Structures are given as structure tokens and as C-alpha cells.
Amino acid sequence: MKTVSIVNITSYTALELVRLLAQHPEFRVVSVTGRSAVGKRLEEIFPHLRAILPPPDQKTPAVDPALVVTEEPAQTELAFVCLPHAAAATAVVSLVERGIKVVDLSADFRLHDSKVYETWYTHPHPAPALLESAVYGLCERYREQVRLAPLVANPGCHSTAAILALTPALAAGIVGPNIIINSITGISGGGRTPVLAYHYPEANEDVWAYNLEGHRHLPEIVQELEAAAAIGGHPVEGGLRLTFVPHIAPMTRGILSTSYAELRADERGQVPTSEKICALYQGFYENEPFVHVVDQAPHTKWTVGSNHCFLHPIVDRRTQRLIVVACLDNLVKGASGQAIQNANLLCGLPEALGLAGLSMVP
Amino acid sequence: MKTVSIVNITSYTALELVRLLAQHPEFRVVSVTGRSAVGKRLEEIFPHLRAILPPPDQKTPAVDPALVVTEEPAQTELAFVCLPHAAAATAVVSLVERGIKVVDLSADFRLHDSKVYETWYTHPHPAPALLESAVYGLCERYREQVRLAPLVANPGCHSTAAILALTPALAAGIVGPNIIINSITGISGGGRTPVLAYHYPEANEDVWAYNLEGHRHLPEIVQELEAAAAIGGHPVEGGLRLTFVPHIAPMTRGILSTSYAELRADERGQVPTSEKICALYQGFYENEPFVHVVDQAPHTKWTVGSNHCFLHPIVDRRTQRLIVVACLDNLVKGASGQAIQNANLLCGLPEALGLAGLSMVP
Amino acid sequence: MKTVSIVNITSYTALELVRLLAQHPEFRVVSVTGRSAVGKRLEEIFPHLRAILPPPDQKTPAVDPALVVTEEPAQTELAFVCLPHAAAATAVVSLVERGIKVVDLSADFRLHDSKVYETWYTHPHPAPALLESAVYGLCERYREQVRLAPLVANPGCHSTAAILALTPALAAGIVGPNIIINSITGISGGGRTPVLAYHYPEANEDVWAYNLEGHRHLPEIVQELEAAAAIGGHPVEGGLRLTFVPHIAPMTRGILSTSYAELRADERGQVPTSEKICALYQGFYENEPFVHVVDQAPHTKWTVGSNHCFLHPIVDRRTQRLIVVACLDNLVKGASGQAIQNANLLCGLPEALGLAGLSMVP
Amino acid sequence: MKTVSIVNITSYTALELVRLLAQHPEFRVVSVTGRSAVGKRLEEIFPHLRAILPPPDQKTPAVDPALVVTEEPAQTELAFVCLPHAAAATAVVSLVERGIKVVDLSADFRLHDSKVYETWYTHPHPAPALLESAVYGLCERYREQVRLAPLVANPGCHSTAAILALTPALAAGIVGPNIIINSITGISGGGRTPVLAYHYPEANEDVWAYNLEGHRHLPEIVQELEAAAAIGGHPVEGGLRLTFVPHIAPMTRGILSTSYAELRADERGQVPTSEKICALYQGFYENEPFVHVVDQAPHTKWTVGSNHCFLHPIVDRRTQRLIVVACLDNLVKGASGQAIQNANLLCGLPEALGLAGLSMVP
């Protein structure tokens, strides 16, 4: 059994880690921290956690509901950091120095370039020295690097959907640099702190776009899609021209990302068919346990509570554009499930271990 | 008082007409039809309607809850047709022949070209002779024509949002032909007939895209936007290259449409600022009672139950694209409210009469 | 036109007053106050209010969206006080002293006995001298007293449903003192201040009971039901033995209250039938514009946005108990609509003026 | 590995069985039936099921997404019957004759008395001969009998909550026969067939009571609570006087049941305190893995997706009544989870095997 800590237990990503880790056969949560809850037992903060049972074939549960929240994480094999950006970096530095493997769920180590970070987060990067050793934790892309990394930057939720959706097309060079990503997310992505925008009577029965001036997942998406194109042998000259607009829909979980890209015509002026592109995508993700290419429009509900992502590429035959619909659960594949996928790799365990739970339908 | 009929009373658009007309000072609903409900009283089909009270300053309600459903509409001054396409055309022909003014809420008379209709609806147009006299009932565009028309084709819900959102930009020639419209709608737009996709446990907590191969509102949007560009003196050569993808979100009412268009640079290579475009839009809709250009991201909730539409144009400065977010209530400005707006014009009444109701927040 | 003020404009009850008053032909909102919003225009706090149009037959809207929030209410004919308890009493005293008629939406003047108030609100009543002149503003019961009152205590939302549900039975003496009221409310009843319990991801897809140790609407319900029994000639000896448990359901608006009472058998040991009791209720509320006795289970949706209340009494034949289901919109008949009903009476206007709006279905 | 069949795969309870069994280490679903889907693969009916992965430590998944629906169940060790009542009985007879252990999720074998069945289901019992050998599958009560039964009648969802809530009090003789149970359920309990009442725009933002004339879970609750009282040594003379009213709230899953009972005073005229009753309940359910007695009001959200039930007993000190709030997920502990709990017992496996999944919060 490998010991793990969760830093900032009062967040939704931490709570989701607890839910998933309680079923994990190889990890044991032995330390949880959280400023506002120091001294409380886990089951006091989240009363439903008193129902934790041991996983199959085991005598003791992987997470003890009576675990007491502390200020500092214990010396564990691995730590999950669920702090907001900036605060996360500080915690990560200290953990790495103590030789603890880290999966950081914040945005602090996702961007390779500290200047890009400063532009988007409006303060200097708190730990630029660590940037180089951090690996962007999209396992489908970087699983080999993750296995050896001291620090994994867990991707953003919108980013995960968008990057998985467009990587095969860009790597194959079938689309050009003009891309629009329209993403719709449930409200848990906004965190657990009550604010007026997410007050039930306000958010219920409402849809809206936000961060129209630029959302912080944009540079992360651009970085990874440009890398995908380059690795695929089709580098984007001049860089991607990418617009990303996130929206909120009245549901707790789920991201549905609809991407629009311009297909390149071949020498005879023709663009690939939907069937060809579907086959390309299926080949690309053939051996992936969590990415499923389907030939019908997927639903966010297909992913609720699970680590799965569904992709549906289709050609808009009137305009020769590629449309790709992607969906996943923002708290699982978009956060805590992916974090465990990374932790499995970091610890030399099978990548999908503890993540076989199906989505909850209905 | 002017007498009106509602054809196909068991639909949501008919029910919404009743709600709105019950407050209208000049219309009186004297005839309602509906195959499956013939012989029933209005309050038997919709029990909450027994609570109808007379409008201010009147003794009798504008809609009598005891009104009995018949098979054929009575001889009224005007009729609202709430039938599905094809069935609607047949009913409209008969009403027009009887000299009854018609607001048709179906798609049957929206497209000027019967061949385009046949392509999208996969059957020949049922009444091509009437197409010429029908006016597309977007009052903000065609109010003068509507006043004189025998037959008004009430616009589609997605179409209303998209056309209002993009008309000022195309009329002013500031954007090119490459357009993407990503629209999100509540579920009442799908009608009142129970189907698995809209069964509560399926549709709740779910977002999905639909009609990815092409939604029937697309040709209507293209027709009107190309006309807007031409009328504005900036005809789109070769036609628009427009992708339209509708999505469903778990709410009863509301459409949020996010449009993306390529801004044209001026001779110095510059595109207009958000402020300039906002001013352009505000000028364009200056005297419109129901279209409001705002400088923040609007919410569908701002429109629930009202005939109002909110628009927010903004420039994505990284890509020089124009983004326009539009929202409205699909059953009001996207259907029955707009139908009453048209009926007011057809009957020589003030356009906004009976439509002053504010949206319900929260 | 009569001038009115709204005190504490940033609350949901105030916002709902604005929505309803914007359609009222005789009131004009000329003053709005609110500590946290002083100096702001109404449309800055609630952007959708910029869409306010004049009501039918009028040139100017009844509420000007550009109205600026002040600290103190102006000298108007009437004021609506939307403050929390205790703060409300202080404001009310000052308004009454200035000769302004007051509808107080708080709980401060609902209980006749200041000792009962102190027990439930855990502080001495802030203005006991005013208690005597305050009238409990359930118009169906006290409309004659309301017409002459300087101060009306607008009933609580759960209370309105429960009192309307049980008054006919207690007044007629057909039930005994053992009563259980199980009430379910939407979340807007909890106010506009964001708290974790009403944070969307927490409250969505959740039902729970609250205030199991005693909810503050209980003494108000007991006071009014005991009075109803006494006035009906069937005083409850020893007082009612009433349990009231409120619950939260994931919706914005609506209260559904299910009451259970023990039917008294007649000399032959028989209890009345459902039909007889239904007739009794229909007679009791015969001329009420807003109370509707129906012979099927009513839905909260039948009331959304309207001032209507639906009642369904039925006998549980296996146990001889009376069950009464009542529903209404907590923000309208349970708060702001009822407040306008009271204001109409206070100002000598027709009681239903401006309240004819139908509920929004779907 | 033990083989199992699922009869009527197109129901929600069957789908939930698949979700739970996909994580079960000892069962393997080898046969699924369903008239309307014969010949289809599981993943065609439920596309999200193509994401099924093997459970930890196993090579093949416990449910194969490519499994083809047949008309008749195969010869398996055990079958889950998810048919509606009457149809279920016929299927059960045939399965039992083939020597297959059966967990029947319908109501057909829950009532011991075929006359009571006939009264409530308005047709003669289809297989009265089997009634005697059927065990009511509330494991917390009958686990020893279940182990040896050929046929287990899985309890109803409302019934499970109500019986667990009131059994300790009745068994201990601390309450009398006058009981009211007010239950609120999510909509998945109504099944997967689309009907107008559960059409999203109708059911969303709505709460209502149903089956006010008597719900079919009532006789089941009475049967089991009277048995509990008798076994506890406190038989209810004359039988329980029990009113049960179910309600629908706009959510997919969850039941919250609030029970009201009259506490018996001791010789000194005193009733037990909340603390004493809480201790009594905790003792009663001390070793139960799925029943948790808590000292705060529980939330249905605490149970979503899990087999857990939370109970909160409290004394209403003003009336000396006992209030017990119970909650669970209607599709898990109220149906398919409990069915697996029974199946584990029937097959000699640990009772909680495969049911350790935590509820999904948020």
C-alpha cells in the first residue's frame, strides 16, 4: 500500500479524490490538510463519508473517516495538491523538497513558459525553477514522461476535453490553424466557495458565457495543441488562431466541448469524409482505456462520475469544417480521476487502477 | 376587442400564447382547436388555467378557461397556427382562404425558396403558391411588411437569436462570410410530446449537441443574414459559409447563442474595437423595445418569461474575431411572444402591446 | 398614481416586487434603499431590469431602471420593507412615524404576543408598542382590518400555505387538535445571500428537512389556526398540537405543503367524505380570486410567478384522516404578490389589481 | 465466478444493476433479456456502456458491452427480474422451476397475503403458490432467511426508507399505532418509459404529491412494521393506523422519507429524549454496513449512487412526537443495490461485496 496526502481537503477536487481513492486497492490516504478545517475529522466536514467501507478483499477502508485535518501534510509517498493557483506552487515546492511525488491539480505548472503564466495570472510565477521538471499530466500524451516525473501538472478540465478532441486532427495535419472551441461546463468546476453567480436560485435555469476576454485554460490548450501538431510533423506556422469561449449550464458535473476547425483540402480539392476522420480518431485512441471515439453525438451524462471521455468527430459537409464534440466529467477525467491516473503512473501501478467505475446513468 | 383562434392548443407554444394573451388588452381568444382534445375545456387540459383573471380595467378575462376545444377554428380576425410543419401549411391555406389573418409558428412559410424547403424538410412544399405573400415575421427587420401581410411566418427560436446577433455586423460589412453559430437551448423547444431524450431522468444533468448533420433553422438563418448583408450594401459574394450547431442544456426555457465571425481589417490592417462594435449595435437597435445591447455577458435567465433579447458583441483581441452572445426565451421572443408582436402589427395595434411583462428572476 | 418605496432592494422579495409593480397600473416605485448598493442604479444591480417597458396605456414605466439606490426611503404613500427580522422593526417604526403606510415582509409584526416572539427569535421584540396596530396580512382572512391598518405584517411563505390549507377545516370544527404539516419549499425562500447550503452543486439534486427543532413559521401558523377555529365557533381546547417540518427541494420557486389532521366522527361514528369536504372548501373560498380548491393533486408549477394558491383536500379513507395539499409560489403569494395584495387594500384599490399574471407553465 | 441474468434490461433498475455488477468481483452477467431490444448489443441500447473496464485484478469485465439481448434468460445461477408487477410473477415462476435463484425487483412477492395483493393490484395474484417460499428481501431484517430462500422479493424504494426508519421505534414499543409517512422521491423511481408527467419541461421546477388515494407501497410498509412490532414484543393491537403520502421532487435520484409517530409516555408521563432515541437507533443498526444513524438532518445527496441509508430520529419536544428522517438512493438501496445485497446472501458471498462505492457528492 502506498501512502498519499491530500492538500486542501475542503475543495471539490479533494472530495472527489476521497470518493475515488476509497475504492483504490493500492493507495491509502493518511494525511489531509486544510486551513479552515484543522482539527476536524473528515466525517465532520463531509458527513456522508462516515459510510466509507473497506474495498473488496480488504479489511480496512482506504480512507479513514476519522482522519483528522492537519495544517501540514505528512511524509507520504505522494501528495495531491488541490489549492488554488499561486498557493499551490508554494505548497508544491515544499513537497518536492521533501521528496514527495506531487500531482498538482492547480494551473501553476501547466504552462512551460513563465512569461505566459505571468500574462494570464497577472503575477510572476511563484516557482519558475520547478517548471522544467514538471510534466503536463495528460496521460494519453505524456504517460512515459509522467512515470519518471517528480511533479505532474494535472490538466484543466476544459483543456482536457479540448486537447483530446483536436490532437488527432492537428497531429495528422488535416486541419488548419483557425480553431474555435465552444465549451459548456457544469457548476462544480467553479469550486466549493459560495458566490452569488453559483447561488442556486441564480444559477438554476440559466446558461451564460463567461471570461469572454480570455479564459486561463486558453494558453494551456494552445501550448498542447501546437505541440501535438509539431510532434505529428505538421507544425502550425505562425501559431494557432484559437478562440475559446466557456459557458455555464445548470448542472453539477460535465463538460461538453464543441470544436470547429477548417479542414485542409487535398491536391484534388477534397476534404476527408466523416468516416475517414472517425477511423483516424479511433486509430489514434485505439488502446486508450478512457477515450472513446463514437459515431453519434455524445452526452455529458455518459461520463458522470467516471474517468471516461467520449469524442465524436464529424464533417460539416456544407462548409468542409471539422466539428468535434468531446465530453467528460470535469471533476473526474477533468480533475481528480485524471490525477489518480497520473498518480498510478508516478507510482508504477497500472494506469487505470481504481478508475474502472462506470458513469452513473441516469 | 379583436377575436383570435389558436390552432393546436395542446402544444407549448399554444399554452404560452394563452398565458400572454390572458394579459392582452385587445385580443380575445374565442376559438381553440386540437385533435386529441376535442370537446375538452381549456382548464381540463391545463388545470392551472382555471385561475385566469380579467386583465386590469376589464370585467371578463381575455381567455375563458371554460372554452371548449373544437376540431376547426372559428371565423376570427386572426389565427395563431401552432401545428408542426406540413400540417401547418394545410391549415394555413384554409385560414387564408377564409380571410383570416395568420401567424404561423411553424417553419412552413419561412423559406422563400420552395426548393430549399424540399431539401431540408424532405417533401415538396405543401402550399408553394402562398410562399410569395408570406412575410418572415422578424419584426425588427420587417415590421412594415408585416403590417400589410395576410400571412406571417414566425421565425424559429434559434434563428431569432442568431439573426438578431449577426445582422448589424453583416449589414455594416465589418465581418466576412465565415461564421460559426453555437446555440444552446432549453428543453421546452423540443415540444410537449414525451420522448426518451426529454424524459426527466435522461435530460436532467445532461448537455449534448444535436442535429450535427444540419438543423432546419440553418437555411432560415442563412437566408436572412445574406439578405441583411445585401440590404446593408455588403452582399456576401458566394454566400455565407455558416456552421450552426444546436445544443440542449437541462433547463426548461432559454436560448443562448454564441456566434463567431471573422472581422474585416480596414486599409491599415486594423479591426474595430469592442467599444466601436458595441456602439454600432446600440445604434442599430436603438429604438427596439425588445432588443438590448449590453456590455457584459448576458444570461438566459434575464429573459425567462419575457419577450426581450439581450445581445453582447465583443472582439476576441487575440484572433480579431467578433463574438456575439445573444439570449432570449425560446417560447416567448423565440415563439409565442414574437407571434403576438406580429399579431399586433397585423391588426394595427402598438407592436409591444401586451408584451411588457418582465422576465422572472430568480 | 400612488408612490411607493422598497426598503432593502437587494433581496429577492424586493426584486419580485419590482417585477410585479412594473405591471401595476396605480403604483409607482420612486424610492429604493439598500445599504450595500447605495448610489447604484437599479439596472446596475439587476441588469435585466433595463428592459422595463411602460405598462399598457401608459407612457412611462412604473419603475424606472435608472432609479438610484439611497440609504433612506423617500416620503412615499406606502413602503414595502424587505429587511430581515429585527432590522425590519427598526425601519418600520421610523416609516410609521413619518405617516407612511407599511407592508412589512419580515416576521417582526406577525406574532401578537411579544413573549412568543422573544422565545422564537431569541431577543426582545424591537418595537412592542406597534404590535397592537399591526394586522396579519392574510387578505383572505383579514381584508377588512387590512384596509384600515397603518402597518401590515405580510405572512410567511410556509404559513400562508398551511393556514389557507387548514382554516376551513378548523373553522368548521371537522378536525381535532392533532396536526402535522409537512412543507416543501424551493430555494429562493432562503434569500439571496450565498451560503454553502444553497451553493448550486450542493443544493442541486438534493432534498433535505431543516429546522427539525422548530421553524419560526410554526408559532405564526398556530396563532392563526387557533384563531380560525375560535372564530368558526370551534375553539381548540388546550391549543393545537401541531408539528411543522419544512423541507428543501431543488427548485427555485414553489411551496407544497401537505397537512394531516384527525377528522372528527359524527354521532354515528362517521367522518365526512372527500366530496363533502371539497364542497366545504369550495364554499369557503368561493369568491377568492387567488385561492382555488381543486379535485386533483396540485403542482407547484401551476403557481410559478403568479399570486395563486391551489388547495386539494382529501380523506384518507383507511385512517379517517384529512389530508390537504396546498401549493403556491413562495415569492409571490408567499411574499411579494401577497404584499401587493395588501398594499392594494391599504390604498383603497381593488385587491387583485396588478396581480392578474398567470403562472408560467412550462 | 457466478453467472447471473438480468430480465428486462431496458429498465432503469436493470441499467443500475449493470453499473454495480460491472464492479462486482464474483458475479458475471452472461444473459440479458428485453422484448423491445432483442438482438441488440448492450452498448447499442446504452452507448456509455462501451466504456466498461475490467474490475481491479481481473482481465475481463464482469459485463461484456457486446452482450446480445435475448428473449429468454439463460441457465444462470441467479436472475434479477426487473419486470413490472404481474409480468414479473410469470417470469419468476419459470425461473424458479428451472432451479435458478431469483431476486425479483417487482412488487409481486412482497405481500404475504394474496388477498391484500389482489386489493391493491386489482387482479388475482399470478402465482400464489410461490408466495410462501418468497422472503421479503430487507437484509437488515431477514438476512438469515434470505440466505436459504429460492426467491427474494426485493423491497420497494419508499418501503425500504420507511421500514428502516420506524422499525427500531416499533420494535422497542416506544411509539403508538398512529403514524404518518411523508415521502419525497426523485423521478427515476417512475421508470424509463416517457410519459407527460415526467417530460422534462413538466417535471422540472415542480413538486407534487401523488397517489393520495393510496400508494401500493403502503401495505408492504404496514406488513413489515407490524411484524417488527410483534417480533420486538410490542404487537400493535388493532393494527397500525398509517397514512403514507409520496411526493415527487425535481431530481433524478433519492428518497427522503419523514415519518411522524406518537411517542408513548412512561409511567411518569414522560417520553424519551432525542438523545435516548438516537442511542436506541444506533444500537439497533450498530453492525449494519449500510444503515447510518446520524445526529443531524441527512441529505438525499449523501446517498446518490451508493447503497447507504441515513437515519435521523428526533423528538418534537412541543408535541412529544417522534420524527424520523430517512434517506437513500431509490435506484440503489431502494432497488438494484439492495438486490445485489440479496444476491450476495443467496450465493453465500459477503453481504456487502461489490457495494462499497461511496455516494457521489457533489
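Here the chain labels run A, B, C and D in written order, and each chain numbers its own residues starting at 1.
One rule holds for everything that comes next: a contact is a pair of C-beta atoms (placed from the backbone, for glycine too) under 8 Å apart; a residue touches a chain by one contact, two chains touch by 3 or more.
Chain-to-protein mapping (UniProt): A, B, C, D = N-acetyl-gamma-glutamyl-phosphate reductase.
No experiment lies behind these values; they were computed from the predicted model shown.
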If you tally contacting C-beta pairs, which pair wins, B-C or C-D? C-D
Measuring centre to centre, with centres taken as mean CA positions, what chain is farthest from chain B? D
Chain C and chain D, separation of their C-alpha mean positions in angstrom: 38
Could you grab the centroid distance between chain B and chain C? Build each centroid from C-alpha atoms only and quote it in angstrom. 36
Can you list the chain B residues in contact with two or more other chains? 12, 186, 188, 192, 201, 204-205, 250-253, 298-299, 301, 304, 362
Residues of chain C defined as touching chain D within the complex: 180, 182, 184, 186, 201-202, 204-210, 212-214, 218, 241-243, 245, 247, 249-254, 256, 258, 260, 297-301, 304, 312, 314, 316-319, 321, 323, 325, 327, 362
Quick one: in the complex, what on chain B touches chain D? 12, 186-188, 192-196, 198-201, 203-205, 250-252
For the complex, give me every residue of chain A touching chain D. 12, 15, 18-19, 22-23, 25, 46-57, 188, 192, 205, 252-253, 289-290, 292, 294, 296, 298-299, 301-306, 308, 310, 352-362
